Amino acid sequence: MAEYVWLIVLIPLIGFLINGIGGLSSEAYRKQKTLIGTIATISVFIPFLIALQIFFGMGADSEPYVARLFTWIEAGSFSSEVAYRVDQLSIIMALVVTGVGALIHLYSMGYMKDDEGYWKFFAYLNLFIFAMLNLVLGNNLILLFLGWEGVGVCSYLLIGYWYGDMAKSDAAKKAFVFNRVGDFAFLVAMFLVFRAVGSLDFDIILNNLSAFTPEITFWVAVLMFIGATGKSAQIPLFVWLPDAMAGPTPVSALIHAATMVTSGIYLISRFSSMYVLTPEAMLIVAIIGGLTAIVAATIAITQYDIKKVLAYSTVSQLGFMFLALGSGGFIAAMFHVVTHAFFKACLFLGSGSVIHAMHHVEHELEHEGKDVHFDPQDMRYMGGLKKYMPSTYWTFLLSTFAIAGIPVFSGFFSKDEILAFVFNAGMGEYSYIYFALWGMAVLTAFLTAYYMFRLTLTTFHGTFKLPSKVKGAEDSEKYLHESPSTMTIPLWILGGLAVIGGFMGVPDFFVTTFTSSDIKINWLHAWLDGVTSDSALVLSYGTKWILVAIAILIAVFATVLAYRNYDNDKGEASDAALEKRFGSLYQVWSDKYKIDEIYDASIIQPTFKLSDRVLAVFDMKIVDGFVNAVGGTVRFFGSLLRFVQTGVVQTYALVFIIGVILVLSLIIF
Amino acid sequence: MEILNDLLNYLPAAIVAVGGLVVMMMDGYKAKSRLIYQTTMFFLAGALVIATYDLLYQEVGTLFSDMAASGSTAAFGTFIVVFGTFFTVILTHDYLIGVKHNYPQVYPLLMFCTVGMIVLATANDLVTVFIGLETMSISLYALAGIIRDKQLGVESALKYFILGAFSTGFFLYGIALLYGATGSTNLSEIGAYTDGSMIYWGGVSMLLVAFFFKISAVPFHMWTPDVYTGSPTTITAYMSTASKTAAIVALVLILERALPYAADQITSTMAIIAIMTMVLGNTVAMVQDNVKRMLAYSSIAHVGYLLVGLAAGTDLGFTAVLYYLLAYSLMNIGAFGVVAYYEKNHDVHFNNIESYAGLGYKQPLMGILLSVFLLSLAGIPPLAGFIGKYLVFAAAVEAGLINLVIIGVLASAASAYFYLRVMVYLYFKESKEPVKLMKPLRVYSFSLVVLAVLTLYFGILPAGITELIASYFSGNGLAIVP
Amino acid sequence: MIGIEWYLGVSAVLFIIGVIGVLTRGNAIIIFMCVELMLSAVNITLVAFSSFMGDVHGMILVFFVLCVAAAEACVGLAIIIAIFRNNITADINKINLLRW
Amino acid sequence: METLLNITIYLPLLALVAFMFVKNDNAIRWIALIVTSLTFAVSLPLIFNFDSANSHIAQYVTESGPLLFGLDVNYIVGLDGLSLLLFMLTTFLGPIVVLSAWTSVKKHVGAFFAMLMLLQTGSLGVFASLDLILFYIFFELTLIPMYFLIGIWGGADRIAATIKFFIYTLVGSLIMLVALVYVGFDAGNAVNDGVFITDWRVLSGPEYQIGLVEQTWLFLAFSLAFFIKVPLFPFHTWLPYAHTEAPTAGSVVLAAVMLKMGTYGLIRFCLPMFPNAMVEFAPYVALLAVIGIIYGALVAMVQKDVKKLVAYSSVSHLGFVVLGLFALNTIGVQGAIIQMINHGLSTGALFLIVGMIYDRRHTRQISDFGGLAGVIPVFAVFFMIATFSSIGLPGLNGFVGEFLILMGAFTSETLDNIWFAIFGTTGVILAAVYMLWMFQRVMFGPIKHEENKNIKDLNAREIGLLVPVMIFIVWIGIRPTHFTQFSEHQVNVLLEEAAQKKNEILMSTNPAELPSWANKLYKVEINLAELKGDNNE
Amino acid sequence: METFFFVFISTLAIGTALAMVISKNTVNSALFMVLHMLSVAGFYTLLNAQFLAVIQILVYAGAIMVLFLFVIMLLNLDEDEKVVSKIDFKQLISFTLALVVLAQLLYITGNYAGVLPELTGEPIAAVGTVEAIGDELFTTFLLPFEVTAILLTAAVVGAMLLAQKTSNVIDE
């Protein structure tokens, strides 16, 4: 079955072409929304089935299978193929991408049904799936890069989907450019790799790691990581992701939570055997991951935009994953990728459902003839939605439990494993730093639970605050309603997965402690063990259990605290109290550490001013001026010389005589 | 009969001379101007046919007791001169009617002038050179001033005359000194001389001075812009091509036959003069607003390129120079012809470049023709001007004069500016006031088209003519004598 | 005996006097005469060479020079008449319409 | 086949003749379209029958006797791996360019198409010439039509632009002419019994070797002409003017074809004839190229005129090509060759697109647009693909070239410095910045100007002319080997021969006879010692 | 005797030449010119070129100078408009440059002695006769002679063309 892997990649592309060309060329086709949506969804769902089939045909010890299609780029000693790789890592990613992707397609059919550019949206989505599959299935760095850039483009197109709004297209551009900064590093990393081993094929690289000097290994690792920071929104390149929420919510769910942003984690996991050779680079990854996690979490606490909170949460969770990677817990990171994909996608879709409802309210009010405008994403206008949107509420709540790390929900297992690995890394080199990172991670876990419940409680509990806050929106709750089933079905599926997803990676010691046997219940670990190079956990059972206990305590404590502060419409008061307590620190959080402003002042404006005021002027005045000056000088001499021509014959004769003297002198002497 | 044979070999000159006398007599009997013109054309056509025949088949030799040469260079010079005159007369007739100064005496004068040119171009003795040169010059002095009731015309004639006569003094002095040094005025006998006394060098330099004057090389060029501007336009075309051709062919003959011994010194002198000529000609032309004056400076610049070829002094150099003369005659007569056409539609002062605005669209053919000629003058392939420049510079490169060539090409690049400028006005600007151009006479435009086609032809397929010219020099051992 | 260099010397001096005349005098007619002076100065050189070498060619050249001088005078004077009709002056310093 | 090549080159002139007799504007358009299409059709067998395994040997060669007696300039045309693709690109763009000018040119239609046809012949000749003088003639020949195209049908500031373009290019090429003639004589004395020779096949061969000192000067003279044409920083200032003022068709040909003559000349002439100089100057040239990449991008970023922005982006893109060429390894050179085609397609497409929008709105100021994506969706799609191609998105053509170039520069032994590639790579970021920003300001956001609300979307003609370009943009992006295969072998041979020639020349040099600057520049003693060391082993 | 004669004639020639150049009155200039021509004829006789001496007097002094005088009278040019009273900068330069040329010429001619072996050191009597000249003129120099005829005709036609007063324009 693995030999049909290319079909997985191809079908979404076909879907894209059908919808894209059809929609572009035919007005009638654009109106066939059901058809369009179905085609798009099916062209993701079929690959999912194929992937599933392949997955079931594989074992944890299966050899990687590579389907080579054709030579892509070839010049001199460089050659790369379009070849897709099926191994334990890539099939997991492919399953997530197509599975979650298919659900979100389904969801979008409901969510986007009133949109004019329906066909375009689905075309883009399919293209995104195509690119993402290239990323995860490609057998060499350059094909991975094709996907890498491809998802960037789709992200660009989808963030700026409502291009009529300049801010949205700004966000799109910002996303793309920040991604490109990362890509720059990625490219250089590729060059370094190629120079060292002469190929970009995964197999060849990973089998020839000895060809790297430690220095090169370090740099390749760091550069790849920088690439990953761009795509996976880590410090210092994370600022695009919150802005990326300008796109339609399914997009946020699919691209900016479940799939694209995790490609950095995939990349580093793919090269885990290289990373373990360079502890310094690992440390850098861990530090950046840890910092990102806590920074984003603190910002998330202060946000009111429902999607922004989720966005910062995503950044924070991604930081968590990188922390895992940097600590040697590659499988843990992948585990979190998967669980995060479930619950974060569910959260986003849930928020989309809420926004959909709020939009509906706004729309209906407008229909009533009232000129009411409010931000449908601002949670301060919400509240009490649980009785109007039960499905949304329940799935949202389940996912919140998952992300908060409440035991038996999926996030609990994955997060716990990460914490364990970070602590474990503290046992080796750079122990203090890793311990500090562990501390930060625990704090982040606390904050995560806190802000997620803040979000959930403010949105769904208490009373619907819109009527009281916005004039003219009285009685607007009558317009609130649950989303259609195309939207709720995916919510339930994802919510279910968020609940049970964690069982694929239940730590072995949960059982072994008690049975003293060597039983392996951690399926994921077993599955991925062959492709990644996890560091060994050297912790004792006791330590492990203590860590689990700490995690549970933290999560429960944060949950309780959040309930106290935010249930029953106390949200704003609590936030004010929080602001008072933390003072300027809170201000820094709510200002998002002013990172955007810093970028603007330190890089963007200077570059722009340099270009506008210096280079452009330099170009016109100096470079071109020099050229003009040469011409001008010649003309100037010409106009000087012409005045020798006085018109008086005797002057001419005089010049003649000078010429005579000249010629005589030249010839005689 | 030797004399008859000589005469047969000198037939173009003879025909033109007889023709000149005939039309002079016709003028005396008050024949119609048109008839005079037609007779002139008849004789010139005859001369042209024979000159063409001579060009292809005449054997190399000397005539009239070594006074004149036949074949090769001489035949080539004769051909260009007659060819140039032929077209000049066609253009002049129409032009003079246009500017209302169609004196019948112009035709005999042109014919006599042509005789002088042929004599000059075929001279094999300094005496013949002198007489030829003077016949040509004196006729040109008069021709420059034929628009005698306009100040500009006579002023140019006066300037030309004074400076021309002045240079004649130097020329004569040169001949005298050379005669004194070598004991002969015959070119080959002078060429046999290898003693190198001071008086020989003095003679050589004086001779060069006079030729530099005639071909208007800097700093002996001062008359050129004024005379070219003031003279009737078609006469300017004639002056700048036929007379220059005759003088340069004579110079080539002298350099080749009489002065191989002096080649080294001449090379350096020529190189310096060439640099001055190219630089001054091109830079000053850049700032001219009068098209005719611009073309005058451009013709100075072209002399600079010719001097580059002469400075090389090799077979290839002379070949290049002769080819260049042909190309230059074609394109310069053409360019002046179109300028004359524009001018006669208005008045004599209609030469300011501003007034060319938008003219390219009024009579498209004329605009295209002028563009072709100017582009050829600028040395843009695939026109004859390019091949000329290319050959000249190649010859200099072969002779190792790289620096000279670099300056030459840079000057040439600068020259593109002012040629293009004309086209800027012709095509890129709109005319401010409505200008009406009358349809050119068919023969007028036809002759210009012929010139343009030849310019193109010699640019694309120069092999035939260059082969012919190269055969004049190959094996003559003209390389620089150490 | 008078050596040839004396003739040549005198000839050169006369020639330069002619040149100076052309360069300094403003009257066109006098300039013409100065040109004639230059020609006749060269004639002396020619005749001297011819005579001292015993070769007649130089003298024949002088003969031609005389003819040329006559022709030049003829045309030159005609030009002066023409210019006088237009400008009412023979001062060449005032005849400078054509310049730059 | 030889005849076919000649027919391809001169077929456009046929239209020129036809224009003399046809007065009807529409007839002229159709004739132009038919003739250029025919040219393209006729040229197709050339690529299908091309033997890419022997791409280093010129194919379909026509060789005449001397054209210029005494200098033995021959008419030699043929195609090999280096020229084939560019030749085909030129014929391919012919009908497209004609179509692009279908309605936008209203005055002097006949003259316009005549100039285009002349330009076509000139460009084809440049790429097909195997004789240096012939190359030069065609090289210059292209100037005239372009001069008129810009001058007559150009924008407001066209006159200054066209004169600058013409003179600037002319200065460079004339200096090259001198060098070229010198080479002709030198080669004649060295390998051709004293007869002037400029046959590329002889000059590039291993027998003809030029001494180090001469190489330096000749290289500088040749490369100056090509650098101006490319244009490499700091010789680029004519380009923004010329591009901005030129009519659409002119811009397209200028960008797609004429700029390539510079890079093409560098690889075809400089490399095989002056290998030592090429190697020693490579770092300096690469430095200029990298400066050009970044500088062009930065200046492009702040342009207010769409066309000027694209023009500056050309400076940046051509910087990549030069960088690749001077990497002097197969990867880099192959990348450069394919990038030449890519730039031709993507920048050509961009100019076409800008022209289309100009036809509708008669402005090119970015600030006059905004929000067009909603009004003209089909246009937006094409514009977007071209933009993505231009910023080097994988899967489209631009990426292949840029990637190979940077990879080549990174691994180049000649440059021996990875920073060229690294700084060059920043151009990738900057390209995204300026192109997307421009795209955003033009296509996205609210519609600010009333006039923009009623713009018509592309008509069939415009779609028809863009689609082929887009097909190639995607095709090259996905299957670049279909295109790179033509030059692969030749590039290998060329580089090998050059390296060998370089060593041979070095071996035959006596350091004592060289002036000190040459010793220093070529590090003669060190290199010689190395070479001898290699030989002893 | 010969030396004396030479010195006398030289002095006369240079003196008249100078006088011609600096004379204020145009008519005086012309008259000095005539004198100068006569003295040049004296040189010719000294050099045994009797034929040329005669021609010189006939053509130059007789014909050409009369023509000059005639034109001067015709145009009333005898009152010279500008006298060489004020030596201005330009004239100074002209003068200096002319002297430089003179120095060069004298340097050239001064180096002449003994260059030609057949130079006897004194004029040879037989060359300047009418027969000798005539013989050469109509054989060797036939071509220049004939062309001179054309030259003179051309000069006449040219003079006619320039000096005619009526403009006989023929409009067609």
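We call the chains A, B, C, D and E, going by the order they appear; numbering starts again at 1 in every chain.
The rule is short, and it goes like this: contacts are C-beta pairs under 8 Å (C-beta built on N, C-alpha and C of every residue); 3 or more make two chains touch, one makes a residue touch a chain.
As the structure is a computational prediction, the values presented were derived from the model and not from experiment.
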Which other chains touch chain B while also touching chain D?
A
Of all chain pairs, the one with the highest number of C-beta contacts is C-E
Per the C-alpha means, the centres of chain A and chain C lie apart by a whole-Å value of 97
Per the C-alpha means, the centres of chain C and chain E lie apart by a whole-Å value of 5
Distance in whole angstrom between the CA centres of chain C and chain D is 63
Taking each chain's centre as its mean C-alpha position, how far apart are chain D and chain E in Å?
68
Where chain B touches two or more other chains at once, by residue number
127, 130-131, 134, 138, 141-142, 145, 148-149, 154, 157-159, 162, 166, 177, 180, 183, 198, 201-202, 225-226, 414, 417
Return the residues of chain C touching two or more other chains; collapse runs of consecutive numbers into ranges.
8, 15, 18-19, 22-24, 26, 31-32, 50, 53, 55, 57, 60, 64, 68, 71-72, 75, 78-80, 82, 85, 92-93, 95-99
Overlap residues in chain D, where contacts from two or more other chains coincide:
167
Got a list of which chains touch which?
A-B, A-C, A-D, A-E, B-C, B-D, B-E, C-E
Sites on chain E touched by chain B in the complex
104-105, 107-109, 111-112, 115-116, 118, 139-144, 147-148, 150-151, 153-155, 157-162, 164, 167-172
In the complex with chain A, residue positions of chain E that touch it:
90, 93-94, 97-98, 100-101, 104, 107-108
Which bits of chain C are touching chain E when the two form their complex?
1-10, 12-21, 23-27, 29-30, 32-34, 36-37, 40, 43-44, 47-48, 50-57, 59-60, 62-64, 66-75, 77-82, 84-85, 89-91, 93
List of chain D residues in touch with chain B within their complex:
65-71, 108, 133, 136-138, 140-141, 143-144, 147-148, 151-152, 158-159, 162-163, 166-167, 170-171, 174-175, 177-178, 181-182, 184-185, 196
What residues on chain A touch chain D, complex-wise?
24, 70-78, 142, 145-146, 148-150, 153, 156, 160, 163-166, 169-170, 172-173, 176-177, 180-181, 183-184, 187-188, 190-192, 194-195, 607-608, 610-612, 615-616, 619-620, 623-624, 626-627, 631
